[in-house]
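The letters A, B, C and D name the chains in turn, as written, and every chain counts its residues from 1.
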Amino acid sequence: MPLSDARARLLARAARDIAPGMVVNLGIGLPTRVIDHLPPAFPVCLHSENGIAGIGPTLGYDAADRNLIDAGGAYVSTLPGTSYFDSATSFALVRGGRLDLTMLGAFEVSARGDLANWKIPGLFTPGIGGGMELAQKARQVTVLTTHLDRKGKSKIVPECTLPLTAQACVNRIITDMAVIDVTGDGLILRELRAGLTVGEVIAATSAPLTVPDGTLPEF
Amino acid sequence: MPLSDARARLLARAARDIAPGMVVNLGIGLPTRVIDHLPPAFPVCLHSENGIAGIGPTLGYDAADRNLIDAGGAYVSTLPGTSYFDSATSFALVRGGRLDLTMLGAFEVSARGDLANWKIPGLFTPGIGGGMELAQKARQVTVLTTHLDRKGKSKIVPECTLPLTAQACVNRIITDMAVIDVTGDGLILRELRAGLTVGEVIAATSAPLTVPDGTLPEF
Amino acid sequence: MRFPDKTATLHDAIAEIGDGATIMLGGFGVPGTPFTLIAELVRQGQTGLTIIKNDANETGMGVDHLLAAGQVRRLITTHIGLNPRAIGLMNEGRLEVEFCAQGILAERIRAGGAGLAAIVTDIGLGTELAAGKQHVIIGGRDGVVETALRADFALLHAEVADPFGNLCYAATARNFNPLMATAAGRVIAETEALGPLGTLEPGRVHTPGPFVDRVVPLDALTEEYAVVRR
Amino acid sequence: MRFPDKTATLHDAIAEIGDGATIMLGGFGVPGTPFTLIAELVRQGQTGLTIIKNDANETGMGVDHLLAAGQVRRLITTHIGLNPRAIGLMNEGRLEVEFCAQGILAERIRAGGAGLAAIVTDIGLGTELAAGKQHVIIGGRDGVVETALRADFALLHAEVADPFGNLCYAATARNFNPLMATAAGRVIAETEALGPLGTLEPGRVHTPGPFVDRVVPLDALTEEYAVVRR
């Protein structure tokens, strides 16, 4: 299966975790793309940490409002019901428990849900931005990532080696190979990408995976 | 001199301490009345802790807006340039150093500027309201009060006996008898109400008063 | 994309509140006090409540009805001088009252809403309001730790709302309302006017919809909302 | 009563800033960044500055000019990933950088503006951002003490202002601007439009006039304010 198709399945699967009425923050990169996989007129409120709730469709440069961006710098639009607010209010929403779900990228996720996605010492030190608070305080934290890094190594690891974004914060991992839940009993394999076997996923995962009895759903 | 005339002189004298461009909070009671002694179109911004800066004239019941009051419950009005804000912002203005002057009433003021104006144990326990922060954080705190209480006792005392509103917060005391500054060297008599002698003011003041050389101005 | 509709009936919104709940009530004096929501709370009769509100209103208004009905166990407030019943109940030991400096009450609520544990301030140092509170030294200076406040419910009064819960407050009716909107598990707003989505420009919204759970449109305003002629 | 007129020329407003000043700069990316005030700061050449800003803009924009001119000693920020010069200077040890979690930077600034000493939060616990910071136990739980930030100057960008300094921000250009407006000894706002007193309805004001010291009307907007085509 070509990577682009696997990624489309990942995104479509992730979109199914967005329930009607949720307030959701989609991180830069892969997570932002989930929105394209929601049904039209789906009742969800997209938040961005630079001070907007209820983000409408992304606009091209010619239609863009120079003052209306999301935290990733994309030019976005409003909908009836959108609101703007300052940065303190924006993170009050996150830390105060009003963000139902965030989907974030990852460099590494550990077996107990530690997340590292902001710093590679010596190589990449851009600063944490809003990621720490999203990871630590959203009611549900889902990581969207390729299962393997560019060198073919598992991004799902027994212990993170990179500086943490937040400890024990990830609830679910959705990759191009599997859906994995992070629980008090460790990582549990929930779903497989169509065409893969349990053995293939276990082989690609350096952290221990629990596999429930019975047939796993495919996506 | 009748009390009402002495009070008018107190208020007129207090009004002269309001400099052009100041942001001022006038406490309930006597202080509120200072505004009537300012010249028309005087450039001052009146703040009230319930969330308004730039208060306009007080209105009668028939002209009142039910949603537009000051912290004392008086129906007030707006001017071009008035703003509304929430209670956190209102006190950010006070504690953050943007309130140039507050004028407050007092039960007792001590020789080092301690203020007691909110509680008489066993008799009167309404709660502190915004008074503590006004007293502690306005850049200039002026007490407006009758020099003597109803029993003829000095309200300017060596040490407060009532629960404090704030320690060492008062900069100036304006009474129906005198203007007194609170300094690192104690209380200094600055001005006399017309017709009174230094001896009369000293006799009416239970805290020690320093009297500068020369003739004191009258008000 | 569209947003969920949070409009609810007065009865249903208040019926979610159980005995023993902690409830924040917006308002500073009359402006911003959710009199209709409070009246329904009196009608339904939940008891053992902890109320967090700037003041206790005046005799025959708002909080006074809850006090008269014996529904309030504890009151966290800044000033109750206009409510003789509140002072009387406190003096008789039948109502537990915790006084805060007004701006510190605002900050404690805001801190709860912002997911903070506490703020550190010099307000109250050397007075009885700081007595018994935890202290911490910040940069060599003594500070009082004021813990964050959250509630089970916040009852608010808005001038204009949309069904998603975007709220706008009138004049000085804003006061504690937008702070409390962030600081409760469930936020119920009564509103004088309810318009469709888009009624409020995005830049005019005082409380963003995601903070609000229930919007109760008011059919009419009772006498309590009117100008008080003293 | 009327209100003082705080309008000033670009030159005079920035000339108040001395070498070694701590300066907050509004903006999150392009929206809300006071590019014209920054350009004048570059022209006047004050050095040894501490800059507090969400980000370091991008190459050739805003903060980048200050960095290129060697005017910045220290940067307190959340993310500089779009400015290779900032990262380079930091890695070479020529720019001191303090990273904060974004919402914690907002809260620290807000705390400074609100006259608080610090806030206590669980954000960053167990990560390097909490390393070396004071801790305090609140209600049995570990908290990180994040100290309040204040600056000598705040430079802001408003969409509309009046001469008293009431400010309104456009869309997501609000971001850190209203927080910084409360947290500096002197607050200087550039504005795209300046109207007479009364231009802004009292309920629409984002930053109340009393917080602002200087209002600089912009004659024109430079290219830096425009949509960025990547």
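Some observations on this one:
FYI, a residue touches a chain if its C-beta (ideal position, glycine included) is under 8 Å from a C-beta of that chain, and two chains touch if they have at least 3 such contacts.
What you are looking at is a predicted structure, and each value in this text was computed from that prediction instead of being measured.
Number of steps on the shortest path from chain A to chain B, with steps defined by chain touch: 2. More inter-chain C-beta contacts link the pair A-D than the other of A-D and B-D. Put simply, the chain farthest from chain D by mean CA position is B. Chain geometry summary: the mean Cα position of chain A and that of chain D are 30 Å apart. Measuring from the averaged C-alpha position of chain A to that of chain C gives a distance of 35 Å.
The geometric centre of chain C is 32 Å away from that of chain D, both derived from CA atoms.
Residues of chain D in contact with two or more other chains: 103, 107, 110, 114-116, 121-122, 170-171, 174, 202-203. In chain A, the residues that touch at least two other chains are 52, 84-85, 88, 91-92, 94-95, 137.
The touch graph of the protein chains shown belongs to none of the named shapes.
Applying the touch definition to every pair of chains gives A-C, A-D, B-C, B-D, C-D. Only residues 48-52, 61, 64-71, 73, 75, 84-88, 90-92, 94-95, 125-130, 132-133, 136-137, 163-167 of chain A touch chain D when the two sit together in their complex. Residues of chain C touching chain D in their complex: 103, 107, 111, 114-122, 134, 136, 138-139, 141, 143, 145, 147, 168-171, 174, 202-204.
Residues 1-4, 110, 112-116, 162, 164, 166, 182-183, 185, 196-198, 200, 202-203, 205, 208-211 of chain C touch chain A in their complex. Listed in rising order, the residues of chain B touching chain D in the complex are 20-21, 23, 38, 41-47, 52-54, 56, 78-85, 88-89, 91-99, 137. Contact residues on chain C toward chain B in their complex (touch as defined above): 28-32, 54, 77-82, 87, 90-91, 97, 99-107, 110, 121-129, 159, 170-179, 206, 225-230.
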